Structure formats: structure tokens, C-alpha cells
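Each structure below appears as C-alpha cells.
You will see chain A twice below: alongside chain B first, and alongside chain C after that.
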Partner chain A sequence: MDEQEPLLRIENLKKYFNVKDNHKKVILKAVDGISMDIKAGETVGLVGESGCGKSTFGRAVLQLHSITSGKVYFRGQDITGWNEKELRPLRKDMQIIFQDPFASLNPRKTIFETVIAPLDAFDIGTKQERREKVQKMLEFVGLPEYQFHKLPHEMSGGQRQRAVIARAMITDPAFVVCDEPVSALDVSVRAQVLNLMKDAQKASGVSYLFISHDMSVIRYLCDKVAVMYLGRLVEYGTKEEIFGNPLHPYTKALLSAIPVPDVGAKKHERIRLVGDVPSPLYPPAGCRLHNRCPYATEECSDEGVAQMLKVNEDHFVACPFTEEFEARKAAKESA
Partner chain B sequence: MKSGREFLHSFVRHKLAMIGLIIFLAEIVLVLVLPPVMHLDPTAIDSTHFSAAPGGSHILGTDDVGRDMFARVVCGGRISILIGVAATAISVVIGLPLGLFAGYYRGKAETIIMRAADIFLSFPSMVLILVIVAVFGSSIPALIILIGVLNWPAIAKLIYGNVLSVRSMEYVEAERAIGTPSLKILFQTVMPNSIAPLWVSLSFRISNAMITESALSFLGAGVQPPTPSWGNIIQNATSLVVLTQRWWIWIPAGLCLVVTIFCINFIGEGVRDALDPKMKRM
Partner chain C sequence: MSESDVVLEVKGLQVAFKVSKKDTLTAIQDVTFTVHRGETLGIVGESGCGKSVTANSIMRLLPKQTSMITGGSILFDGNDLTQASEKEMRDIRGQKISMIFQDPMTSLNPVYRVGDQLVEMYQAHGKIDKKDAWAKGTEMLREVGIPSPETRMYEYPHEMSGGMRQRVMIAMALSARPELLIADEPTTALDVTIQAQVLDLMKELRSSLNTAVMLITHDMGVVAENSDYVLVMYAGEAVEYADVKTIFTAPRHPYTQGLLASLPRVDRNTERLNTIEGTVPSLADMPKGCRFCTRCPYATDKCRQEHPELVDVDGHPVRCFYPQKGER
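For the complex of A and B:
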């Protein structure tokens, strides 16, 4: 299975923005060197706090943002820096589901018009076939026929998100970026939409890059998990590894913040980070977490500590000191 | 997308807009048809009636040189409506595409277009028109072009602001994600979602053009007497005697101007509401 060609290979992807801070030109390193492979049929979860560059990464992978450096290979083909026209034939295989179901549907188009648009754009099938396909897809996502010709403002958030999913899935894409697709939805609708996405995956074998800040959603849906902090990955591995044996202090902090729905459960240790996320304009040197990490020492501000290290086949972490945490904790307590 | 029929349905149900449209169309028909049918001559002088009150052979009286006020108001309407509508059309033809491109493509186009708009806005347009008229002379086509060209920044800025907010909506990005060419996104997705305020602003622009024309007429640089326009007829009211004792000289033209502006305003609102997808569909 290791020899399987990944559907998508991302190498050292960087996306910098030129911004102005107090009339001074500053470079915002929104995504600062991320590599990952995504195999066919697999779901990779990308977690991190708001503003850490998750969405930028998702859009950069799809070439919706021009990227600063790095490479993106889709089915072995280097698609980095392709222009709109060159990308067009690939677009039907790479889609995106947005976070906000209110902003992602054109208020002037009915649901049917929105969902048929990609088929028209790629000129798939005859007119009759397109209509039938849209009809099937809308029924699959749970929108009954009487809602086909409604405008977005006439529908609820959950219904709109179903339409957005239908639009992304109508061309049978191989890869879909899901940018927090359920965070704008109510908890009761959330599970329905997640199950719908699971069903769609089962039916078509699509791969997801699932962006979220919600660990429980990631745990439910994903095969692999990538944890992101200030533009970089801090830990990457299979779901079992990340949830069963988290190594990076940031991952530990995220996981220990999930509430356990059991009153009698043993109180687990909370790993608390100090302070707030620093401004992404001026990230700390070395390991970007070192000013908040309970185990940090001076070495942590050296460039080079933040390299991804292999723990085992299924687990990578960007911290060389994971085995010294207990000793460091003891040293800090005695000091 | 709302079809043409749905648009008509919702427009027809907008009562004020329908009243406005009927009156405005009636005005246009009247100013076009009455002069040839009734042989109205706005410059003919009746030397037996100077400043005569309404009644008898002059329904709206005469002015101080004995010209029939009814003929002057009707023929003045031709000129005023023509200037208002045509000048605004020119502003839209220039301002709409510039605003769309500046907002959608950003970068250099944005800087150049919006700075040019600022320069136009900060320049006292009245002075500019006066200078140009002084050098090249005044004519109605020249006035239309001048007023139209000088008003484009207002339209461009309005559209630009809306395009900026619409282009960052996720449904525009979704269009990019299905590979729709960028010009097609601009005209089929961004433009329909950002021109709604234009319909209301059109009425202001038309009335503004009419008012500019009357101000210019007052300064002697607008429509040249004896050719009448509502603007230069109203300017007669600057004479105290006319203002206080000869109401028939200025009130009819003033009323026409106000009613026309109201009607255009209502039509603008009606079009905007009829195009709004959130208004109840039939």
C-alpha cells in the first residue's frame, strides 16, 4: 500500500502574503512549508486554531491562490503555477465545499441552476442527462423535488449546505477540499451533513482534505490527521496514532481540551498553553510554539528544532524533545 | 435567475413605480407630440400680452416679453428630459465598466481608475464646464457630453464599492473552482449582484444632471435663450417681481421638474425591488 501513487502530493508548500502593518511592509507567512500526501479514497483532517492558515492551505492546494513556492502534484502531474485555462480540465476533479452556506450560493440562482452549472461548464453529457444527474444528486443529498427551484434565501442553513455539497460532488471529483463545512451548522444538522459526506465518499471513492477546528468532527470522519500551528504542521499521522498517542505539546493541548461526555470519567490532565496565539505577522523563531509551551527551553528557539521527525511509518512530529517532557516537567517543578 | 416575465410581474405590482412609469411616459409623449400638433412656438412673441396671467388664449399666461408659457414649458421639457437622461446614460456607459473592472481586477487598474475618479470628483466641475463652454461655445450636445463625462465617478465609485464586497463572496470563488472564465464570472455573477443600488442612484443622477443644466443656464453657460429649458425658465424666479407676483412663469416648470424627478425615483426603486431575489416571487 506504500507503493500506491498518492492522488495528491504536496511538497513544501508556501503561501506568503504582502501586507501592511502600520505602513510597514510585512510578509505574512500564512502557509510556511507544508508537505503531505493524500491517497485516493482517504480523508485527511487538518486541524488548527482560527487564523493558522488552514483555509489558505486548502485554497492553495486547489490553485485558487497562487502559491509562493513548493509543488503540488495531482495524479503525478505537477500543477503548480498553472493558469486558469490549463487548470480548467482538472477543475472537475478537484472541488471545494465552503464554510459559509449563506455566502457560497449565488443569491440569484435557484438550487437547480447552481448545481447544474458545473456540468454545463464542463459540457458533460446531453442536456437531458445533465438534468437527470442533477435530479439524482439533489435527491441523494436529501433535497426533495419541490425544493429544486428555490432560491438560497428560501432555504435553511442545512439545506443550503446540502446544495453546496451537491454542487461539489456533481462532477464526480477525485478530491474535495472541505473548508469547515459543518462549523456554521447547528449540532443536530451537523451529524446529518457529516454522514452525507461519508456516504458520498463510499459511493464515489473521493478523497477529502477536511479542514476543521473541531477535534470530535475530525475523529469521526478522518483517516489521517494533520495538526497545524501558525502556518506549519506540528504533527501528522493516522487518526489512531494522533488520538491514541499524541506527542507534540500542541496536539496534546488540543486533545485535552475536548470535553469528555462522562460525569464519572477520571479527570484527565489538561495541558495548558500559556498566553495567546502570537500574531502570524511576527511568529516566534524556531519552534513556533516555544513561547507558549510548558516544556520549552532555550534550545526551542533555534531554527531547526521544528523539522518533521519520523516516529514510525504512520506518525510524524515536529518536536525533538517528546521523550524528555517528563524530565523537563520534573526539572521545572523542582526549580 | 429571475426570468423577464417574473421581473415584469413584480414590477407591475409595485404601485408607486407603475404610477411613476405611467406619468413619466405620458410626459415624454406629451412633450414630443404637443408642439407639432398644437403648433406651439416657444419663441413667438405676442406683443399684446406681456406678463399676462393665465387664461384666454394663453393657458399658462405669458412671460415679460410676451412668450406663451405653456409652449415654453412643453418645449423646455423636451430639452430638460433629454439632457437628464442622455447625460446620465453617458455617465453609466463610462462609470459602470470602469467601476466593475477596478473592483474586480484590483491592482493597477484599480489605482489608475479610482485615482482618476478622485481627481474628477475633487475638481470643481462647474468651473471646468464654464471654461470649456467659454472656449468652445455652448450647445445642447456639448452640455450633454460635458455633464455626462463629469458625472462618471459617482457611478464608478458606487459600483466599485459593491464589486469589492461581492467578489470576496464564496459563491464567486465557487465559480472559479469550477473553472468559469474570469470575464464570464464578472458579467454573469459579480455584475448582477452588485448593480442593485445603481437603479436608485440613476434617479439622483438624472435629477442632478437636470439641476446642473439649470444652474449653468442661470450663469449663461447652459441652454441659451431664447431656447427654453425647465432650468432656465425657473431661473426667472430670481427676479423678485416674478417670484412674488407672477407665479405662472416659474411654478409650472418647477412642478414639472419635481414631478419628473419623483417619477424617475419611483421607477428606480421599482426596478431595484423587482430585481431583488429576496422579494417574494409570484
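For the complex of A and C:
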């Protein structure tokens, strides 16, 4: 594979659902045209509020949803629309970790049985090799030998999530979608699991698509950040750019809304959005944020206003007025 | 802060749960704190540490068959609530002490319109005719920042968003102008931008009404930005209690320090998070000595054998034999 070739290339991905609202057929545009590249060994964070389509995007990338339009390339190969049989050999290279580890573990299988299952399914190695591999993996994720034959209900939430991570990593995948993997965990356990995910990446060179609503977790784990709002990306860039120089009003609002566990901490510029997220069934025209954005003007409801614009090589933003806002802010401050 | 400003004083509170016919387990013990008028006390800790049990014992909302207050006192306006009768509690709940919960959908009745629920509340607390109560309710919704409250009064809870429902709960809780508001994880179920709105609203109302607030949360960030005093709980005990600045700049208990060091930060890059190894022990299986000794990096034999009391360290109570210096 060419060094420059991304592990995963997603082009203008769309996923629409046909739903009924008051007996009327409506199209729900859960993911409405998202493009991104994910390189080998890289973590891309996808952040947004509930209902913005982050999970749908994660599943669509793995072909767990049939895609409405757009393309997904894995190692340069177009895998869009492949059926289960075609995808099966790829499944061991592309895994997923969900938020609730209890719901994603079979309650009647011990941890050891759960983690060895993918190796059995893909017929990897001899029986002896498999057992050794599982043993090593479980110890790596911090489940010592006396825990191997426990059932999920006998374990704590953090231990279960470790088991789920072990199962996802056992086939040495190249790419893992992590869908809010630490949101259900307590603070002290969350730190353990986050460190484990970092260690696993260092050891195996896996790429993560890390889906979260929590900007502080994203900052800790990710190399690149994609900010999503109502099915579209509003800002995309490296961690340094997004946290050091956030441009889109939504990104700024997300950053300033997060309470910092410190007194007298220097905060991001404070932006409060008005009102609630509109129903994704009837998103506003033009820039989807315009009815909540404190800077919005009439032009913001024009279709096409929210094109992704290049700020620099590492930074893209879907708002043409960011320079204007800065100027207005500066004028306000000097006045 | 003068004595008369004390709204609530909890001393050595202990609550036990019945687990079988003979056995009981002590869920919380030795919880001590005071709340002053116009101030917010943040109570933080991980799930199962007894934050909500503390709140529910103040409201006397714990199930009677399976739980009891086995020690300590809860002084509110000079009365000990642990001794109060059910009738006295009825006059206090919603009038003098109100509570809002994490999930507003389960706290609101799904088959009644929001307006009817507000009217019912006003009528339960005083003689008022329906028309006036409706007008009062509309006014209250306006006060908590709900747009076009006249039409919202006719809506059912499911027609509102989560943030809107929590605003309704706040409106209900504050309409009797209570002296104390207990907020049990009020923003945990909300998105961050909505959480910010709701916390701003609570701050505004607190200062305009001069209500005392007990803010229960697991989010250290929410506590840092919204409290004056902080009580840190671990495994059913108060482990450290100080003003917010001390807790976040010079915490002395190893658990408080560990908790703060394990947080990923949005305002700076972190190379590697510190962790507190292990997990919280279960109630049935508490260590004999300090409850944190199984996870504490500084634990000694003394910690494993003897149970530490709250002692004064640099002017604030800390439950530790070896309080650590910790400049952050």
C-alpha cells in the first residue's frame, strides 16, 4: 500500500431513513454528505450532540447500514454496498465498540469464551495458539487470570468494557469504530479505559473513529477532530487547530459549554446557543445552525452557504463568516 | 457567614438498608455538612457513593420498608428532620425544600398537560383558584426562559425537549420560593449546550431568589463552576469538605487528588491520564480500615486496620491519616 493512501476514505456519505411523521412519509437525513480520510494509526474524533447522526455515520462506514449515496474505500478498495458474504473477510479488520458493554456481551458466555469467539469464527491459528492469544490479550486489557471465566453480570462496568475492547482487538483489526465507549463509566474507571485504548493503539497501530459527545475525552485521545451538527460536518481539522483556533460558532459553543474542573481557569470564548436542537426531520435551510447561532444573518439561511471552506491544510470550516465574526468581536471589544 | 444564614445542617448522618430479614448494610455514614442561604454546596462522587441517598434522606424519601436513618441529625430551620412526622414532612416538601431529579420525563406525569401539573401544585400548596394558578404557572414558565409559555402550558411533557422539561421541573421546584433546592444530577441527561443553558438559569434564579442549593453531580467541572462549597464522597462517606477553591487548588485527600488527576481536560493537552487503580468496593465487602485503602497509593497497615475520622487539615475536614500535600 502506498504510504500516502489513507486506510479509509469516505466520500460524500449520505444515509437517509424513510420514516413516518403523523402518517406522512418523511425523509430523515441522518447523515447528509460527510467526507473524511482516516490514516493508519490515527484517531479521528467525531463529536456532536445527541441525535446529530454520529452513530449512524459510524455504522454506515462499517456497512452496517446500507448507504444512500457516497463511497467508502477501505485500503483503496470501494466497499460500498458489498453484501455480508463479500464483507465477511473484512470484518476482522474492522471492528466496533459500543457504549453499553453489558448490552454488547452475551450474558451466558464467560469472558474467555466471548473473546475467543472471533478467532474461532475466522479460524485463526491452532487451538493452542488461540488460547494463548486470548490469555495474552485479556492480561493486556487488565483482566487477570482469575477473571477469565466470569460471566458479564459478575463484573463491573469498567471490567466489561475491557472485555469488549479485548474482543474487538483480538483479531488485530486495522480500524475500530468506538461509539461512546466511556460514556457509561465512572470518572476514575473512565481514565483507566481511555489509557488502555491509547496503549492498545500504540501496540497494534490500529486506527480509531472515536465517537463522543465529550470534547475533553476527544482532546485526550484524538489526532483529528470532526464536529458534527444535524447530519453535517461543521468543522474538521487537527486537534491543535480545533482546540487552539476553533472557528465555527458551533464548535466554539461546544467548547465554552464544557465546565472546566478548575477554579479561575482561562476559558474559551463564551458562546451560548439559543434554544434546542431542531428536529432532524425538518432541519433549517442553509446553515443548519442559523436559528440558534448568535451571529446569524439573513444570508445564513441561503442554501449553499454552509460549504466546507479550507482555512489551511489542517483545518476546514463550514461557515463563510468566521473572519467577519472576529472583526465584529474586535470592534465590540475596542468600543 | 453568620449562624442565622445556615439553612441546613447535617451532622453524622448514617443510613442503613435492609438486605435480608436479619442483615442490614450501612449505605452512608458520618456525612456532615452545612448549607447557607444563597450558596451552593456541590456534592461529588462516583456512582454508588451515597450522594442520592443523602439527598433522599433529607427529603425523607427513602423507602420505609427497606431503609432507615440509624444515626445523626438533619437540622433544617432548627427542626430535626430525622424526627419529623410524615405530616410535618408534607408541609416541608415542595414548600421549604424542593428537589429536581436527573430525568425530567419520569418526574413529570406523561398524561397531564404541563399547565395542569403546575396548577395542581399551586392548589396543593395553598388556596388559589384555577384561573389564577394557571396565570401564575404561565408566569413561572416565562421566568425560567421558556418561549411562548401561553402555548407551552397546553403541551404534554413528551412534546417538549429534555432541556425544556428540566426547565419546567425547575419552575415547579422554585415556584413556592423554597429555602433549599436539592438538585440531583439535574443536567446529566442533557446535551452540553443545553446543560450550559440550564446551569446558567439555576445560577440566575439562585441569586435572584437567594435560595440555598445542594447540587449533586458526578461531574467535577459542573461543581467547579457552580458551587461555593464542595463535599467529596467516597463509598458512603464524606472524605473531604471545603470551599471550592481549596478543593480544586489544594485538595488533601488522596481520593480527591486522584479524581482530579484522572479527568481529561478540554482546556489543555494531556499526555497521559493518572488513574485510580481498581474499583469501588461493594457495600457488603467494605475494607475494615479506611474505605479507600484498597485503591490508595499511600495506604499503610494502619489504613487497612483502623478507620479514619474526619480531622481538620489546614482548616477543612479530611478523612485521612496521611493527608497529602497537593498543589495543582
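Keep this in mind: the second predicted complex is superposed on the first by the 317 of 335 C-alpha atoms of A that agree within 3 Å, B and C clash if a C-alpha of one lies under 4 Å from a C-alpha of the other, contacts with A are read in each partner's own complex, and residues count from 1 in each chain.
By definition in this document, a residue touches a chain if its C-beta (ideal position, glycine included) is under 8 Å from a C-beta of that chain, and two chains touch if they have at least 3 such contacts.
Treat the numbers as computed from the prediction; the structure is a model and nothing was measured.
Legend: residue contacts after superposition of the two complexes on their common chain; A:L151 is shown touching chain B, with no touch to chain C.
By the touch criterion defined above, A:L255 reaches chain C but does not reach chain B. In the overlay built on the shared chain, the residue A:A103 is in contact with chain B alone; chain C does not reach it. With both structures placed on the common chain, the touch criterion links A:V141 to neither chain B nor chain C. In the superposition on chain A, contact is made by A:L194 with chain C only, not with chain B. Within the superposed three-chain model, A:E84 lies in touch with chain B and out of touch with chain C [touch as defined at top].
Contacts of A:R219 after superposition on the shared chain: chain C is touched, whereas chain B is not.
Contact with neither chain B nor chain C is seen for A:A318 once the two complexes are overlaid on the shared chain. Put chain B and chain C next to each other and count what each touches on chain A; the higher total goes to C. Put simply, chain A uses no single residue to touch chain B in one complex and chain C in the other. Of all the residues in chain A, the ones that touch chain B in their complex are 59, 62, 64, 84, 87-89, 91-92, 94-96, 98-100, 103-110, 113, 117-118, 121-122, 151, 153, 164, 167, 171. Listing the residues of chain B that touch chain A in their complex gives 1-2, 169-171, 173-182, 189, 192-193, 277-278, 281.
Remark: chain C residues 46-47, 147, 161, 163-164, 191-197, 199-200, 218-226, 244-245, 248-249, 258-260, 262-267, 269-270, 272-277, 279-280, 328 touch chain A in the complex. Those residues of chain A that touch chain C in the shared complex are 49-50, 156, 158-159, 186-192, 194-195, 198, 213-217, 219-221, 239, 243, 253-268, 272-273, 275-277.
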